[in-house]
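Following are the structures in question.
In the two complexes below, subunit A is the common chain; its partner is subunit B in one and subunit C in the other.
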Partner chain A sequence: MIVKSSWALPRLTRLAIPAVLALVAVLLPFILPGDRWVRVAALALIYIALASGLNILVGLTGLLDLGFIAFFIVGAYTTAILTVQLFVNQLGFDPDTLWWLFPVSLVGALVLAGIAGCILGYPTLRARGDYLAIMTLAFGEIVRLVSINWIGLTGGSVGIRGIPPFAIGDLELTSPSANYYVVLAMVVVILVALAGVVASPVGRAWVAIREDELVASSMGIRTRRYKLLAYVCGASIAGVTGVFFAHMQQFINPDSFTLEDNFIVLSLVILGGAGTFWGPVVGATLWIFFQAIARDWTIVQEHPEFRTGFLALIVVVLMIVRPGGIVSRKLKLTRSGGDVERPEPRTAPAGLEPDPIEAGAPVLVVDTVGRTFGGLTALGSVSFEVRRGEILGLMGPNGAGKSTLLNVLSGVTKPSRGSITFRGDRIDGLDSDRVSVKGVARTFQTVRLFWQMTVLENLLVGAHERLRGWVPAFALRLPRHRHDEARALTEAGSVLEFAGVWDERTRRASALSYDSQRRVEIARALMTRPKLLLLDEPAAGMNESETKALASLITAIRDSGTDVVLIEHDMDLLMSVSDRIVVLDHGEVIATGTPDEVRRNPAVLEAYLGSDA
Partner chain B sequence: MTQVLINGLAVGGIYGLLAVSFSVVYGVLGMVNFAFGEVFMFGAFGALVAAAANTQIAGADFAGPALPQWAAIGIGLVVGAIVGLLVERIAYKPLRNAPILSMLITAIAVSMLLRAVGTFLFGASQSPVPAPDLGEAFEVLGARIQPIDIVIFSVAIVATGAFWALVKFTPIGRAIRATAQDRDAARLMGIGVDKVISTTFVLGSVMAALAGILYSQKYGFAAAGMGFIPGLKALVAAVLGGIGSIPGAFVGGLVIGLTEELAAAYVPEGAAYRDVIAFGVLVLILWLRPQGILGRREVQKV
Partner chain C sequence: MIRRTTTAASLAAVAALSLTLAACSSSASSDSGSGDAEGEIALGYTATLTGDFASYGLEMREGVDLAVEELNDGGGIDGRQVKIVSADDEGSPANGPVVAQQFCDDTAIAAVLGYSFSSVALSALPVYDSCGLPIVASAVTSPELTGASDVFFRDVFTDAYQGAEMGTHVADGGVEKVAVLYQQDDYGQGVAEAFSTAFEEAGGEVTSSQAYQLGAVDFGTIVNTALADDPEAIFIGGFYTEAAKIATQLRSSGSELPIYGTDGAVSPDLVSLGGDAVEGMTVYSAFSAAAGTDASSAFIDAFTAKFDKEPSSWAALAYDATMVVAEAITEAGSTDRAAVAEALASIDGFGGVTGDITFDDGGDRLGELIFLQVDGGEFVAAAE
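For the complex of A and B:
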């Protein structure tokens, strides 16, 4: 099949904005009146880098960091201590000959800031968001206080002077314009790399975590790991920026990084637009230039506190009036818009080997599984099996334990006892992301899509396990990944066609009709290439004709080679599509059999209609 | 040793009061109101200006009412309550259903804004606060005890106890607890949830302002930035005690106060790293027990 791509034209328009921005950035020193303004522009670049780094945490992943400057401090002091304290003061090198040390400092700062990011990020794996905010604030203070008080290493409040300027060989780059261009190069590299990472499985995983962490993990994303990764990436960017800042200033002291800088950088992200790509750039540029202009005003000279006060006021008003910030352009989480021609519908889970298990043999064996919450028994001792090639209906009155059972099967809650074996492997006790990788996918009782993403992006999250890779490879935009992504998009197209929602592929999930939302959710689950699909009341809220269409979709899923467990309150649907039915009541299995057998079973009638029936 | 302990209890009492403010508002609104550090500051300045004969406000001379000490403290508490109420009504109320991240960002912005307003009104440098006349320091078991420390600790205990009793035994306290448990259910039961939240903010602000006044009396100054570090330590205390619990927050405050005073006195270079120790404790707690020492794990619902 020829993969027709729609890249050609959008690609031109997509590159237009960055190209114009780059041109302006390159010409800026010639346009600006005088060195003072070139210095302001260089400072703006520093803040652009910091804001973009923080945006990974706050904007993309939804983790608040109030001590972000700590990573910047780590970077700046790393190079200052290495260059001045160690090589100049201890080893007696001439500072003018140390230009070769700069890359070493960069790597050192990258590593140390990354480690700091790990230390700070680790508790996020479990801590609640607000505790975390407090902790980042405290961590930022610790780093700042140490930099002030560890005089032997950091020079205390005097700081470290005599940091050599940027240089290439003997050529020292000390003029404001030269500094500007060096920092510009850094910002361009950071932004290009960041854009690559954002439009990759990594970026999609971050946004998925922000949107709905539980669903993200049910798509096979190791959410803890990706949150930690967000910290490490943000911290590394801040650390590198710190190195450039130190060499640009040629000195650092604790006054270079006030406590308020944490807040300022955060505000710039919010001002420009958290979770957008250009938001931090716009926010930082506007604010730093505004601040430089305002410096000449007498009222600001008399009351320097007005600057942060004004910024704070903007943020407070913005959060009420326009929480999205200035830039409203949504992030593009993939570089391609998908195929333009209507694809063939998916016939079988693509890329699957012929199934070694023959039809009718058990694939999922649930053995005496129980789950209690405190003193409440949600599941007593449940045993049943799902066989290859069937749709297993799961019914029971409200409170029978159906949802708990589904959560236990998908790894959201752990069973208190019993075992679950899927195709020979125990899956009880696995986290939901591992269960997903084993080939068990699920949908949710109330539709849970990633509402800010397009339909295709939602589906690509489902393909996470096949697309994931190493962050630097995405930053470098290696062609291999681009290929994988194009293939996954083609697959997404055929899955959407299969589910009957191909026409919706470029729309935002939040803009879909209810019926389409349900179908997209099923399609997203199918993108994980499941061998078993758990559907939690998929027909809830649908009208009669939609339910009928859904029934044929569910049957088609079974026929394409994915076994189905269906929880449903709509008896007509359940009876018509299920091959066998398991009936739960009060956390126990009370009947198992074909729809006809179950319909006639007195225990079932009693559970549903009461003993008088 | 006794001296250090008494001092630690006084400092801890101040942290404890502020921690109670954070804790009770967290309980009701599920957010950390960073601005209590600034309510702390406005309380201190309110009392200072009310007690002074002439001061400067926003660079202009201002003839203060020169009220007696007890009345000035009352004014300080009222100022704190008003600031807290305004913050809640203007900044937080429109965000009632916004994501927690938005609320936290607003909270930190409000805190910065109030600090800037404080700097504008009261200047960037420290303003001296005359020490209250409580008599000479006296000796107990060979240690010199400052009467102010005893007063601070007693006031903190009584205020926290009264606050706890208010929440535990009065109808408004019951409304506060109901709102904290389930806002929607409380609303359906006919509780004016907005009113309850505002009341909680006012009560919390009074506690924070009281802490600020005691702090300025103990250390002899007030300054626009005075609330930040104590605020952060009070947050540590609240987390330590399991945020949402009043006695827990107060005890957490005492633990932090004692720890840092002991560290300052007995650890080499401890004075310089006093704050690092308090924050280190927090980082350590959240590493080991992310839900706080007394907190319970939250169960996610699908």
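For the complex of A and C:
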């Protein structure tokens, strides 16, 4: 009950902007001075949809796509070929009676563009930077060249004419206003669905990948799958837009889809604000309208080239003044506002049945694990075990292989030999996202948060595995997911309280103090409900009192039922919290035992203090 | 706080936009006011005026400007001054309907001129159909535009029409067997097909028909194949670069057969590339400074005086289109769009600088091509 009432108000204010924009959009044909401007508005809507689709790739997921128009082409030609080439020319239907075919075209375009997205996305998953850009550019050109040269199917450079206008039954929606409202309906559906997906585990996974792919995968996100999904979603939006465009224009040919259009849509995204929700909307609207308005200026009538020059100048100036784009409003990655009342701190991993493994029994068994990089042996043959209910300290001088070991344990790097068994399952060879799902979480030597997200959003990424679902379900905002998300948010609140950073929950991660960043990173790892937590030098950079507080947090984590492996340079911390300690040197285990035993071990002393031997 | 300011900013942006639009609307309405009843007659002009393909549009605009200047100096149309409302379509079909709607909305506009790209015109036609505004285009040659709309006319010949005219011309010249070579794209294929059909209908025989790639360098094989069937002439449906190379190849293999080309070969570069090999080659064009009619030489003089250069065929065609529209408005006795469209459809043998102009039922131009021959390195009117 409390949850519900605390939502109501922020929900209202959150809906204010979309409501005002929707009202303006609906009234626009009556406000605008002439039908010409209504057509400009309809064109702007097409570009809004395209830019929003590309924003999924470029803005949210951080993947470049210079061939995005290809998906638009696929959609437009799907409906043109289906309606005109097949039903009118081959099967002899009267184009005026084909209005029922429109939804079929929509589904067809959605599927085909989605498949095209897969085809483009798959090989580009491994590529980055320049290679990705060239690959997407090439793909876009392939699709465009096919549309020019497969004359039998696409009509070649002549194109396809006589695509029936929008219609319902006998009612033809050909007037500029009718066209506008049909396309507006499409844009509203796309934006509402997109907002639903963005404020879901899917949207958070995309942004997490953009922010830090390695961390995203350590949170249990199958990063390659989500990158592919971004391509499919972006492509589907462009495909659907293509269908509407074709029926709006009633004619398509390759001139409608030039190489330049790729760059224009990309510019709209960047101009408006990549990675924001309203950026592409604002960018496309302003751009299309100003372009049309500039056409009427006397100077442009006399010297048409001034218009392009002037628009280019505006872009340059705008990019200097507002490098992040016009819109800077942060993306909403969850629709729930979070509880207002201070929660009970987390006691045990919520919702888990009692652990079947007895205290003291081994949970993680590392058996003769080695790792070589080229000729360099980082890990020789390491064997040790982590037992249920303990904090295992891992120490060793610089270069001993501690971080490599942690990377091997968490699936970031694969071991060259040996085996790692976690609670009876082999986890060596698993990707880091699968290791995370098995119940092994980690933090990083230098804090790696998703800096653009709030603290709560960071934690929700940690809950990815139990929130994930089917994209259409998020687009439709099914109540089940909303309920799950609210529960995860409550859990996030109690984990934050447990980690001592509940007060920071709504702040952006980049605005936190160093100590809080460390604690949030631990809290985020705890949100994956790990059975084993790997902490990589959590006290690095902390002062004495912060370190002390951290020590009690680590102990509390163990006491609440999560086993801990702790790498630490701070000997006081390590000795005080560890139940047992493993000492590494030159990639080999040189000692194992309680802190006292290790402290007295001559091999350890030699490794640390050096020996005259 | 941040939320407030962004809301305010977006509202401000929306308000600013509406204000700008309102300003536009007031200027637009004053435009249409000036064009009312006894005021100015406005003609819409749209083409690709910026970017890589701006030259056609800019050249057409020069022809239009000259025509408007002459009309206004002569007292306008029915005593009303003529003015041009220009819009850049950027070569983008997406802009076609927007520009068309702009012209439709402006009640002062009686007809539309221009168009650089067939695809832009095709996307605009549904809008023109809805408001009945007639168009006389000057540079779009797609066969798709034939009969595409009741209000669409063009005074540029289609490739198919020109190819067919050439076929008849060659047959009329007494040639009975022709070998056809054409460039492998819609242009080359279009003219070659039309040429062959017309030539065969006139009783001739096409001994062989071979395609070559744009940019090809070695034509030895296809020239030999073409000559193998003892043709009496060679027809090349393609651009000047390849045409010059084919001619060179032909002459160096010892053949003295007459060569026929298309408007794609009409360029000073044909001579500079082909040299002696293209001497005597026959080509066609819709307009040529060399044609030498009174109307055309007066136009050329006026154009050269105004712009200090020779008019291109696009300028000449656009000049004619403007004059044809003026004639149609005079005939119709009003700027009523339907009346103007009707008057355009019934234009018969209007004497333009590019020859006589008549539109067929599909809005395409009927008329005579100008045949040119390379003589002493210059294009001159071919001897009939």
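Methods note: the second predicted complex is superposed on the first by the 581 of 613 C-alpha atoms of A that agree within 3 Å, B and C clash if a C-alpha of one lies under 4 Å from a C-alpha of the other, contacts with A are read in each partner's own complex, and residues count from 1 in each chain.
As a working rule, a contact is a pair of C-beta atoms (placed from the backbone, for glycine too) under 8 Å apart; a residue touches a chain by one contact, two chains touch by 3 or more.
From a predicted model like this one, the values you see are computed outputs, not experimental measurements.
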item	value
Touching partner for A:Phe263 - first (subunit B), second (subunit C), both, neither	first
First (subunit B), second (subunit C), both or neither touched by A:Asn601	neither
Touching partner for A:Gly34 - first (subunit B), second (subunit C), both, neither	second
Partner chain in contact with A:Leu137 - subunit B first, subunit C second, else both or neither	first
Which superposed partner A:Thr421 touches (first subunit B, second subunit C, both, neither)	neither
Partner chain(s) touched by A:Ser328 [first = subunit B, second = subunit C, both, neither]	second
Which superposed partner A:Gln249 touches (first subunit B, second subunit C, both, neither)	second
First (subunit B), second (subunit C), both or neither touched by A:Ser381	neither
Subunit B versus subunit C as contact partner of A:Ser576, first or second or both or neither	neither
Set intersection of subunit A contacts, subunit C complex versus subunit B complex	304-305, 308
Contact footprint of subunit A on subunit B as seen in their complex	26, 30-32, 91, 94-95, 98, 100-102, 104-106, 108-110, 112-113, 115-117, 119-120, 124, 224, 228-229, 232, 235-236, 239, 243, 269, 272-273, 275-276, 279-280, 282-283, 286-287, 290-292, 298-300, 302
Residues of subunit A touching subunit B in the complex	58, 62, 64, 66, 122-123, 125-135, 137-139, 141-142, 145-146, 149, 214, 259-260, 263, 266-267, 270, 303-306, 308-313, 315-316, 319-320, 323, 373, 403, 407, 412, 444-445
Interfacial residue positions of subunit A with respect to subunit C in the complex	13, 16-17, 20-21, 24, 31-40, 43, 46, 156-159, 161, 165, 174-176, 245, 248-256, 258, 278, 282, 285-286, 289, 292-293, 295-296, 300-301, 304-305, 307-308, 327-329
Complex interface listing, subunit C residues touching subunit A	2-3, 6-7, 10-11, 13-14, 17-18, 20-22, 24-29, 49-51, 54, 85-88, 91-98, 101-102, 104-105, 117-120, 122-123, 125-127, 130, 142-144, 148, 186
